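Next up is a structure, given as structure tokens.
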């Protein structure tokens, strides 16, 4: 018994210590930092509520946060809409080659994130591929950026980047479905589309939800993609956080903004989990 | 009208493989069967014999390569499963994990749009029928194997199918539960009066439950008959060997009488029952005889038509004793004697010379 | 009918694959393009950007930094993550739920928040920003992934194997060394490779924590403003992409085998 405890302590102490020092502590420290006057010199030791007042007064911040949430939702939705049929095709139509075909889809996700975004810049810019293509077919009169520096460009580039990460969990969830269940549904009178709605879709929902989180979380915190292809229209909440540390040098304000994002994220995730649970019961009631 | 509940005509299923032609596997070959309404019919055979494929063809999960399936007189070969008047109980039960027991059972009626009140009444009835009231709100994962099996039965029976298909439904249960479910299933079938088509590789299960049995091997039906016929009068060596234990001896036809045949086995003359097909004198056949049909006597006391051999091994089995006897030809014969009144156990030991006797009708000459 | 749906599904798959590969293919094409401008139309075939790589001293230094950083931070993350996975899978203890929740938290927190929080922490304690601070960030990011990959493997094999080893006289740590770790090795290697590629490509956190020694993604980002340097950056990236894809295919095959 004593042995077991000491072994456990030996195993758990180093990772726990690291996580406390460099994950829990920074979060708490960031929270207190948001009450500081400033990041440097005397201001560093002065306490204030000014940043909170400023944040509440400036509706631009709140609007931007709302817009970023909307963009994260949109991107997740597009990814799921594109990835679900893909995963479905691989599982139910591709036979033994499904793993090879899935790997082919995953490979682009393993290449440099920055360069994939850069590639989109090359595609969308005025001398880019899309502009040239549209000129060739006569839809565009002169070299002009297509979509570049807009909200849409950010969503397109991010959908592109995350698509493989959504296909993977949906593929895994569909792979786990016992084919006998679909036969049982057919046996009990379901034509294929009803079997899909009543059996395949509900059973693959965990994969869809996992895929949603894979996209939603990093997209909400995104600042690099908007900085590269978003322009003024495509700016996201993450960009103004980054701004507080790079240009504005108002670190406490940045800390507060990060804190708000963290809070928003946790609330949204909690809401979603709750919604799913409620929805699951609903689904069950509908059928029963 | 044929009057059959299910009729299979020259049913053939060939599975192609993705590695191109030349790799086809014939799972079911020219199967002809007529199954009567209300019958408990069993497809029996070793794994890979085509019994499950035959069942899946009837259920509509596979399309036949050739041949036709009639259910209640209607051709069904190209009707999808969801429009066939049959239901299936899968080997792994295939209960929907995201639905409760009641929702699982109500699945069929829900799809058909049965109103809620009636649906609930029928779910109650179906669960009562399989003796599982009061668990409607649980999820399948919270049930034992035996309970899951009953839920799968209720989910199929609630649809009042013309035919119920059962694919080794007791295979996953332990021995004791299996025995109990065997008699319950049989009673249930008599109670609801639905045609059951039952797939199993367990010969004992087939013998105790079925009205009729079709023994299959390598995609073909070898024999169809009631349990007594299948056991007592196997049509070929495979059936005799697969169901119960059988001794096979090389034999030659020597002569015929009205209802029995004289054979030469290991240089001695013995009698066997007459066969449907005529045998000619001098024809090589296989003599099949079950161990429990053989009696042993000491070589000195017996006379008449009997084989002589030497006991090599004696194994005590509780209710009876098993003797392995070697014939002069080098063939071995197994005999089982019940342990009653000093006969059998203790009477013979390894090395003893014995005579093997049987009633003529218990031994069958097989040509196949 | 069925046939037509089949080909429609295939067409969809092929279109998506083109969509996924087009941007990457574009970069590789430009790495052979004989023009200092990364714009259409293409000018002609050249290998000069590959030749110019050798002269790009700053970039090579960034590449070296990224390699060192990736190796070191993934080694630590793999080591600590494996310990955490062992504790979480094989032991039941009070606070286990809290421990698992906290160690999984970095998965659900946007990188910008993590980067900012660590930046403020290092500044509060007057710790100079360097490759070391970037490494800390990468370790925190990668521990949850290592725990997931190694933990899945540990759950997958029965603890009776470990009990058998101890029954045969091995001590707990001996069992760990001779049975548990070797069996979990494919997952541990896969976790290391996954961590390495994550660290190698990571930008959003590194940006806040980097000092004077920059990593490759930071260098690439800084060069994006100078169009004339793009061709060389793209060329190096084409090479790195090929390398990391090969590495991850290897990791994936290990994970599937395990």
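The chains carry the letters A, B and C, assigned in the order they are written, with residues numbered from 1 in each.
Operating definition for what follows: contacts are C-beta pairs under 8 Å (C-beta built on N, C-alpha and C of every residue); 3 or more make two chains touch, one makes a residue touch a chain.
All values reported here derive from a predicted model rather than from experimental measurement.
Peer 1: If every step must land on a chain the current one touches, say how few steps get you from chain B to chain C.
Peer 2: 2
Peer 1: Could you let me know which interface, A-C or A-B, is made of more C-beta pairs in contact?
Peer 2: Here the pair linked by more C-beta pairs in contact is A-C.
Peer 1: CA centre of chain A versus CA centre of chain B: separation in Å?
Peer 2: 57
Peer 1: Whole-Å distance, chain A centre to chain C centre, using C-alpha means?
Peer 2: Taking the mean C-alpha position of each chain, the two centres sit 17 Å apart.
Peer 1: Please output the residues of chain A touching chain C within their complex, sorted ascending.
Peer 2: Those in contact with chain C are residues 3-4, 7-8, 11-12, 14-16, 18-19, 22-27, 29-30, 33, 39, 82, 85-86, 89-90, 93-94, 99, 101, 103-108, 110-116, 118-120, 122-123, 125, 127-129, 132, 160, 163-164, 213, 217-218, 220-224, 228, 238, 241-242, 245, 251, 254-255, 258, 261-262, 265-266, 269.
Peer 1: Using the touch rule from the top, collect the residues of chain A that touch chain B in their complex.
Peer 2: It comes out as residues 95-96, 178, 180-181, 183-191, 194, 198-199, 202-203, 280, 283-284, 287-288.
Peer 1: Tell me, which parts of chain B touch chain A in their complex?
Peer 2: 18, 59-61, 80-82, 86-88, 90, 92, 94-100, 102-103, 106-108, 110-112, 155-156, 159
Peer 1: Sort out for me which residues of chain C touch chain A in the complex.
Peer 2: For chain C paired with chain A, touching residues are 6, 9-10, 12-13, 16-17, 19-24, 26-27, 30, 38-41, 80-81, 83-84, 86-87, 91, 93, 99, 102-103, 105-114, 116-121, 123-124, 136-137, 139-140, 143, 172, 197, 201, 203-204, 207-208, 217, 220-221, 224, 234, 237, 240-241, 244-245, 248-249, 252, 256.
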